[in-house]
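Two complexes, one shared chain (chain A), two partners (chain B, chain C).
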Partner chain A sequence: MLTLQILANGLVLGGLYACIAAGFSLVWGVLNVINILHGSFIVLGGYLAFFAYVKLGIHPFVSILIAAPIFFVLGYALQRALINRMIAAPVLLTLSLTFGLDLMLSNGMLYAFTADFKKLTLDPPLGVVSLGSIVLPVDRLFAMLLALALTGLLYLVLSRSRIGRAIVAVRMDREAAALMGVNVKHIYAMTFGLGALMAGASGPLLAMIFPISPLSGPVYLGKAFVICVLGGLGSVPGAMIGGLALGVVESFGALWFGPEHSVTLSFTLLILMLLFRPTGLLGRTGYA
Partner chain B sequence: MRKSALFAGVLFALIALLPLGADAYWLRLGTTVLMYGVLAMAWNFIGGMAGYPSFASAAFFGLGAYTGAVAQKLGVPMLLAWASAGTMALLFAALLGLALLRLRGHYFAIASLVVAEVLRELVNASTDLTGGGMGLNLPVPKDATITSQAEFFFYSMLALAVVTFAAMLAVKHSRLGFGLRCIQQNESAADMLGVNTTMYKVAAFVLSGVFVGVAGAIYASWVHYIEPPDVFDVLYSIKAIVMVLLGGAGSVFGPLVGAALFLSLEELVWRNYLQVHTGVLGLMIVLLVLFMPKGVFSLRMRRKGRA
Partner chain C sequence: MTRTPIRRALGAVGLLAFGILGAGPCAVLAQDIIRVGAPLPLTGPLAPDAAKQQQGYDLWAETANKAGGVNVGGKRMKVEIVYVDYQSNTPRAVQATEKLITQDKVNFLFSPFGSGAAKAASAVSEKYEVPTIAATASSEQVYDQGYKYLFGTFTPNPTLTEPLSDMVRKNAAGVQRVAILARNDLFPLAIAQEMEKSAKKRGMNVVYFERYPIGTLDYSATLAQMKAQAPHWIFATGYINDLVTMKKQMGDLKIDAPVVTMITAPAFKEFIDASGKGSENITTAAWWHPAARYKGKDVFGTTENYNKLFTAKYKIDPDYSPASASAAGAILQMGIERAGSIERRKVRDAIAAINEMTFWGPVKFGPTGQITSLEPPVIQIQGGKHVAIYPASIKQGDLRLGVK
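Right after this comes the complex of A and B.
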């Protein structure tokens, strides 16, 4: 029975992980840019939810709707103004650029919000739900469902909408897409905006479960890396599978080896995956 | 080559005169510059010459620091402890290189980036040997004064910098250096023309690890106290790269110049804007990447990010 409970915990965690990684994977897959800012965007989204709840009484589920457009605009502007200039540059330079921006953002947050952990506690609490012998906190369950819904929505946008098809087209062949009349710079910015939106929107969800601190940015970023490699880079289903897999692996890893080894376990998994199956568990690359 | 060696000899001789007219503060700054100079020069082997975006410096640094510190704690004399740290970094880099250097572009960058994280967690968890999160204290010599200590570690770091520089100069003008430049320009073609790419890349990776490992061990003895988040800090990797970019990877003096320039700026920022110094550091990196195409593009890092 313990096994079932841990599996359930892992899947709940994994749903959230999928949401963290989907936007990161999108940016990496389409722009070929590793967005080091992603983790800090998540934390900033968490702060937004925290202050919206504490100061204005806005429920975190609602503040997702506020965070989404803000982060989209922020991401779009950032890509249009700065990152597009470096888009064709070598790996090291784009990585350094987003790393530098991340230092600025995380230092800014440290300055503005201090390093104290902040915890968003719902009042009244939502309680727990029991399914047979499995007990799950309702807020976690809802957060996971919303995270999966957001990830699903991203999948629909990419596969159904005009802008989504343009993003996929640019990912497949930039020159051909440009010849077909796609404004590549605009599409790049839209992609980065969508990635930032996913990060900003998963912030409030994570804020309901984990304490918020400017120092958690790198932790989320590390998870996004592992998930991308696990599930295969640049696909929403890949991020979904990778996220769920990491959630389950971390939960069982904590049981078997102790929670202090969860980072070692997930990063060892990452290196092994890179070496033996770099296309990810689903075994395909490409955005669709 | 002879001209560079001569110029370097004069430069290092001038640096060696620093303790004559400097107090402990300037000696500390000088030691720091030399340490980062070693990190930047060592990164140049794998990043500048072979064109592999390695973020493993922090892993080598931390590994060296802990090997040296644990050895000293077990009673090994200081110099021998430093040597064992170098040996450990050498072996680790060789094994790691054989595994990771099959990856390219972003994938190699990420894999090398997480190595430091894994080592940090392992050190954190093995409390018996390393003290875990409590950190590790190193013995302070009884008869040492502040000035004699500062001078000793300054000269130790200077010696390491001279050795690293000599190795860089020798490799640059050797068959190995030529092979590495071929790998940077087109690895498949180099392979086809008979360059043993695997061996060359591993050699470059080992060179990028061993000096950093020794630097870590000297650092540990110098500051007398280390803890995992301090010595496995990813900023060691990042700063080394930024310094090479700043100084320009083409020249043999680039890494040293970059280290001196970067640390002078950082010291100014740190002194005057303590609360926001990492933010200002970030801004410097952004400006460097965006507006210094010359120092930056002389690197010609490989463009094959997509695998």
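Right after this comes the complex of A and C.
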């Protein structure tokens, strides 16, 4: 029974992880930009949900709808105005740029919201559902379903819509896409905007579960890195598989080897993946 | 050609300004000010704890200066606290300590946050023979190095777990199975190990003992495993972020127990705010509680006066953490005033000899430099408020059982 409970916990956690990583993976895969800002965007989305709930009584699920367009515009503008200027530069330079922007954003949040941890506590709480002896908190379950829906939606946009196909085309061959009449700069900005949207939208989901602090950005970012490597870089199904795998591995790692070794286990897995299957579980390079 | 005279003029103005603003007053001020170095994790995961420390130090400096300054052999000297942010990174705390001594030329030091960093930095302050007061280090391992210049305002860890265990034994005879979950960090782990000893000593059965790594986001697997052991008493250690997350996830997994103790966060109001009804009946132990009524001989005088000053400045009630920082300042001031000098060796000897009542409680240091005279209170959250349930002298209520 314990095994089933832990598997359920792991899957629910994995759904959240997938949501954290999808946008990050998209930006890395398409733009070849390691967006260090990603973690802080999630945190900012969390603050938005926190204040919307505390001051205006807006439920975090509704906040997602508010956060999504805001972050999309923010991401689009940032890419258009700043990152596009460096897009052809080596990856380390764009990394430094987003690192610098991240320092500004996280210190700005530190200034505005202080370092105290804030917790979005729903009143009344959503409670738990019991399936036999397995207990699952409703907020996590909802958050996981929404995370899966968001990730699925992103997949649909990329595979079905015109703009999505253009994003994939640019990822595969920038010059050829440009020759076919694709406005590469616009597509880059759209991609970054989508990545920011995913981060901003996962903020309210995570805010219901974890305390919010201006300094938790790097924690989310670290998870996103591992998930990208596990699942394969730059693919939505990859982020999904990687997220679920990480959630389950961490949970069983805690059960079998004790909580202090669950992270060790996931990083060991990361190293093994890099050694033997550097393209990730799905084994595809490139975005599709 | 025309630039040269302008440059010269600018240079002259600059030199003049340096002369007036830089060298002149500083040379005078340096003699009238006691500079105390305080390396703190102002950013990074420990930032909320550092903010509390800073409040305590600032309040001491303000109170001491308002009273005219520290009386050094008849001469009044103001105090100034020099903060350095070590970004929650212990090796940087050691560097910051050395920088404060060698470059900022501080007279005295407060330790960085927590037992681990305080221990690491104490090697540096000992080398330079700078009297240092640790306001947040309780683990005995910090003080067992034979250092002469390190003093601590927290009593050793067993003084927290022993009264708690006695109380549970007395009030809840059915409590047999104890589960302990500790943050893998110097203090949280040390206190968890003390708890294990205290429980075993009283014939309780420790059915679960695990440690979780710093920066853990999800406890659900660990807690599910703990739940399977059906513990009567859950004892969890960590800092505020850890314990708020953990308590939420305990609720999510429907884990309840007659007694749930968490150290250190529940002593802070932020914990109650963040955990809501989930915080009800959680017990914790701390080194001080505002309900105490000590009549001290230090700059703050009574505990009531300290509470009043703190609430007036910060609009919240003090908890043990900033109070300990203020106590560190008050004790340092007492040492300097008794030594009648800011000579480090004399101040060190004066601090070592203190045996006096303060707003923080009776202050007397043992041979290792750690305070031995406090009787730390046990606190329970009842009706969304902190209630002292031990010792008898400050008791406001009785232990209640049942945490959901």
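We adopt the following convention: the second predicted complex is superposed on the first by the 285 of 288 C-alpha atoms of A that agree within 3 Å, B and C clash if a C-alpha of one lies under 4 Å from a C-alpha of the other, contacts with A are read in each partner's own complex, and residues count from 1 in each chain.
Here is the rule we go by: a residue touches a chain if its C-beta (ideal position, glycine included) is under 8 Å from a C-beta of that chain, and two chains touch if they have at least 3 such contacts.
Every value quoted in this text rests on a predicted model; they were computed, and no experiment measured them.
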Based on the superposed arrangement around chain A, label chain B with chain C as either clash or fit.
clash
Contacts of A:11 with chain B and chain C, given as first, second, both or neither
neither
Scan A:251 for contacts with chain B and chain C and give back first, second, both or neither.
second
When the two structures are overlaid on chain A, which partner does A:141 contact: first (chain B), second (chain C), both, or neither?
neither
Answer with first, second, both or neither: which of chain B and chain C does A:32 touch in the superposed model?
first
Counting only touches as set out at the top, which of chain B and chain C does A:157 meet: first, second, both, neither?
neither
Figure out whether A:178 sits in contact with chain B (first) or chain C (second), or with both, or with neither.
neither
Let me test your reading of the model: by the given contact rule, A:260 touches which partner, first (chain B), second (chain C), both or neither?
both
Which superposed partner A:70 touches (first chain B, second chain C, both, neither)
neither
Give the one stretch of chain B, out of 44-52, 206-214, 224-232 or 278-286, that collides with chain C after superposing.
224-232
Residue overlap on chain A between the chain B contact set and the chain C contact set?
107, 110, 260, 263
Mind pulling up the chain C residues that touch chain A in the complex?
42-45, 47-48, 50-51, 181, 184, 210-213, 215-222, 224-225, 228, 240-241, 244-245, 248, 251-254, 270, 273-276
Interface residues, chain A side, partner chain C - complex:
2, 5-6, 9-10, 12-13, 107, 110, 114-119, 121, 123, 125, 128, 135, 137, 139-140, 209-211, 213, 215, 219, 223, 250-255, 258-260, 262-263
Taking the complex as given, what residues does chain B use to touch chain A?
47, 53, 99-100, 102-103, 105-107, 109-111, 114-115, 117-118, 121-122, 124-125, 234, 238, 241-242, 245, 275-279, 281-286, 288-290, 296, 299-303, 305-307
Per the touch rule above, chain A residues touching chain B in the complex are 28, 32, 34, 82, 85-86, 88-93, 95-97, 99-108, 110-111, 218, 222, 225, 229, 260-261, 263-264, 267-268, 270-271, 274-275, 278
